[in-house]
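Presented sequentially are two complexes of subunit A, the first with subunit B as partner and the second with subunit C.
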Partner chain A sequence: MHTDYIHIILADDDEDDILFFTDAFDELKINTRVNTFNDGEELMNYLNDDESLMPDVLFLDLNMPKKTGIECLREIKTSDKMSGIAIAIYSTSASEEDIEKTFVLGANIYIKKPNDFKKLKKVLSEVVSINWQYHTNALNKDNFLLRL
Partner chain B sequence: MKLFLKFDFNTVSKKVLESKFNELNLEYKILGFGEVELLKKIEPEEYLALNESLNDYGIEIVESQKGILVQKIKDAIINMVFNEDTDLKVKSSVYLSEKLGHSYGYLSNLFSEITYSSIENFIIIQKIEYSKQLLLNTELNLTEIAFKLNYSSVAHLSTQFKNTTGITPSAFQRIIFKRREIAQKKPN
Partner chain C sequence: MKKKYLVQSTSFLRFILLLSLFVILVIGGFTYRHISNLTDSTEVVIKTYKVNVELEQIVSYLRDAESGYRNYIATKDTFYLKPYLNTYKKVNNSFLRLKGLIEVNSEQQENLKVLKILTDSLFSNFSKTNVFVKNDETNTEAFKTLYFKEKIIIDSIRRQSTVMFELENKLLNIRQKENQSDLQFTPLFFYSVLLATLILIIIAYNKISNDLKNIKAKNDQLLIFKESTNQSEIIGNHGNWIWHIDSNKFAYSDNLYRLLGKDPQSFEATFDNFLKFVHPEDVDKFAEDLDKMIDVEELPVTNYRIIQKNGSIKYLKAYAKAFYSVDGQKRLIGNTSDITDEIESILTLEEHNLELERNNKELSAFNYAASHDLQEPLRKIQTFISRLEEKEGAKFSDSGRLYLERIKSAAARMRLLIDDLLQFSRTNKPDKEFVSADLNDLFENAKQDVAEIISEKKTKITCDNLPKATVIEFQIQQLFSNLLSNSLKYSKEETVPIIKINYTKVKANDTPDLLKASKSFYHKITFTDNGIGFDQKYAEKIFELFNRLHNKKEYSGTGVGLSICKKIVDNHKGYIFAKGEINVGSVFTVYLPVN
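Now for the complex of A and B:
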């Protein structure tokens, strides 16, 4: 009713990946609005601005210049204003240690970057639709963990 | 003296809408007669305020009938999963169609159309949510939770948990407990 689309922010320094992601979002059934940032500092400047619209889901690349994904995650989770954003980490690493660490720090979703477009689309559609469920059904976000 | 007035209803209603939406600081676009698009998300409180302020002028926000029925389906499912007294052995399709007075096929198609998900999937999500709550907030172990939620075996629940969330129930529990530990250490 009051939510007919999902607002998504994507932070990644790789132009190709950004293109890849935004194309995949365009093909989903659920309406999305996507903003992109090229590094962690740019992202945090946006989020810290009072005028900015907070996203429903933030996709964070772990390896970014200026400020890494982990640094952004820590900052976001300690801010009252931002703590409600669902955070999806995506990375080429799939070490159990990395995954558990980011979850403990407050990430909700961990995605291992798929290497083909079809898989990426499937993964994103899963993220968006499960987030949509949390979003429209007031599910407890503290218990929202998803690994893909 | 008597005045005779001629109204242009289109202009009148447009002006009323404009003043109401501006009053509440909402960004909007009037699409046509009786249709407005909100350009930013609206909080539930704002929605109520808007509805109330429009009611003053005899204007009502029409919610879609389909949306209302979908909400009823969701409520019924949540009630079914979380309520200890409901008999989970009754098939959910039978339960829903009896409770809502429509055939299951109709409900199921409508649900998928509106929510981009299926009733079956929604039930699984709710059951997994419930098992998460029980894992975190009660002393029940996974076997007891599986029994309580009417899974045929603990392995069945465990597999469904892993398929839905990507992590095992024990990893889930470990992560959330670690988070709580960290939160307690912080002087907030």
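Now for the complex of A and C:
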């Protein structure tokens, strides 16, 4: 295990969003390593590989080709090995339906992609600094959607 | 009611007839008795006269005998003894006849006995004196005594016969009087009974003529009813038919023929002839339904199609019920109605409804997808703008920065529009749950939604105690927050905004706004503000989608907020009205049905 940096994975099919995401972490000056995957299948292949390094936080887009975010979430939360990973849903929409579904499936936080770069940086720094154990214990439907 | 009346009238007539028959019978009986009484009394009179004649005959015989005897005594000529010798026999015969005429054991019988003794003693006296005459001793004292005695006896006989005669007359009088009283009463009785019969007959006649009049009136009504039925069949596109089950005969009304596209009564009404018109696909079901009808005595409404001679297909609907005639004949009375227009309009309506539903679904799906999918590129545009501004902003010329600002505000406005559209499309979805909710809580939440602007503008908000109501919670909260934000958005710049929320429960009948309302009671909630107001002529327009009364620069509305309000209130089967006065303020009134 590593202690000197935070391992972050983003699964998102949108190149622009990946660019914003990596740019934001570059500028944040937090010691992080960011791995990105372009679809759900790629992500699950990586996670299922025994030699892969498990992330501290997984950012999951919902609308992805091959395997959707919801499918990935279900697989991860039902697997013994992966169920401990903190999962942040990272989506354009914040429809009640999606929020409800991902909450029930065990996601830890729901982030609506901000439309301002400064806001994005703020959100990401907030998320990576969360004490997950504490957050998960106090988690309910009202604080599931991250509001800044 | 009419039927009952007829039954009553029939039994009344029967009663009168029986009564009259009885009275006539009674009159007959009385007549018979009266005539037999008359005969009796005549017989009695005849008998009395006979008795009197016999009595007089006895007296006259005796008188003849006596006078003959006297002549014999004077002349001693035996020729004069002849009547005397005959008399005894004749008197005895008279006695025998009298005995038969006079009633047994009566006073007269006793009198007769006395008379008999007297005559017997007279004849014995005759024989005694006769001896003296033969011996020519008529001058002796003994003869004179006997002769004198004879005279006395004859006088006694005369008296006795007079007594009997009088008694008989007396008896006759008594009997005649008895009969007379009987006879006096009889004519009066006859007359009154006849009178009563006459009255009964008059009543019966009256009754019968009244009934006849009623029957005529009813017949007239029946004719009118028949004609109006004919007309109503034509106008209502239906016909009726009768099926005499026992004789298997049918009768169709004129209009039933017209329903089949035929002239009235133009072919024989039979089952087979009707079946020729029934649509081949419906024949089996139709025959089956008819068979069922006979068993259950009532046909549940049955639908089938017919094909008219000109080829056009008509939809018919029939209903029938068994009906028994007075003499127990079973008949099915049926009605058949042409429902082609109804069916066709229902079909077109259904088609239109389906199309509308499809269009609506498409529209809301399009709306949702469009607003949802537009979010993503817009978000990127905005993020790129912020990147550009941050990283390259310093290198821009003044006009470049101005353009960048314009791009920014245009993108922000697009964001607002898309958000509102998304919200609008979400209020479209009908599968929301109605729950009982405290409107005070929903109002508090709504206030939280716009808390920032409220504190920024130092707004004063007062709110009555709101009721509990059965609502879609998040929509009502949305409604309250949209109305609040509307008032805040259009507040006057240099005045502290005041928003008053008032509540009353109202009766639809008493409220001019609710004349077309379907429920009787409504919650009336008004939002009154002191903002810039609006011209009353736009009161309805402001609820239309994308309709704005002000330009974008002055006020930031998208024209969706109030449309959402209208949609939410519609979803709750309520009403929303706006009232405005420029520079004074506006009042939004929401009516939500009480349960």
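Heads up, the rule we're going with is that the second predicted complex is superposed on the first by the 127 of 148 C-alpha atoms of A that agree within 3 Å, B and C clash if a C-alpha of one lies under 4 Å from a C-alpha of the other, contacts with A are read in each partner's own complex, and residues count from 1 in each chain.
By definition in this document, contacts are C-beta pairs under 8 Å (C-beta built on N, C-alpha and C of every residue); 3 or more make two chains touch, one makes a residue touch a chain.
In this text, all values refer to a predicted model and were calculated from it rather than measured experimentally.
Enquirer: Does subunit A have more residues touched by subunit B or by subunit C?
Expert: B
Enquirer: Tell me which partner A:L53 touches in the superposition: subunit B (first), subunit C (second), both or neither.
Expert: The answer is first: A:L53 touches subunit B but not subunit C.
Enquirer: Let me test your reading of the model: by the given contact rule, A:V34 touches which partner, first (subunit B), second (subunit C), both or neither?
Expert: A:V34: touches no partner chain.
Enquirer: Thinking of the overlay built on chain A, is A:T92 touched by subunit B (first), by subunit C (second), by both, or by neither?
Expert: second
Enquirer: Pick one for A:G106: touches subunit B only (first), subunit C only (second), both, or neither.
Expert: After superposing on A, A:G106 lies in contact with subunit B but is clear of subunit C.
Enquirer: Quick one: classify A:D16 as touching subunit B (first), subunit C (second), both or neither.
Expert: Touch status of A:D16: second partner only.
Enquirer: Can you list the residues of subunit A that meet both subunit B and subunit C?
Expert: none
Enquirer: What does subunit A use to touch subunit C in their complex?
Expert: It is residues 14, 16-17, 20, 23, 92-93, 95, 113-118, 120 of subunit A that touch subunit C.
Enquirer: Tell me, which parts of subunit A touch subunit B in their complex?
Expert: 1-3, 7, 29-30, 53, 100, 103-104, 106, 110, 129-130, 132-133, 136-137, 139-140, 142-143, 145-148
Enquirer: Quick check: in the complex, which residue numbers of subunit C touch subunit A?
Expert: The contact residues of subunit C facing subunit A are 372, 375-376, 378-380, 382-384, 386-387, 390, 415.
Enquirer: Could you list, by residue number, the parts of subunit B that touch subunit A in their complex?
Expert: 40-44, 46-47, 63, 67, 74, 115-117, 122, 125, 129, 132-133, 136, 165-167, 171-172, 174-176, 178-179, 182
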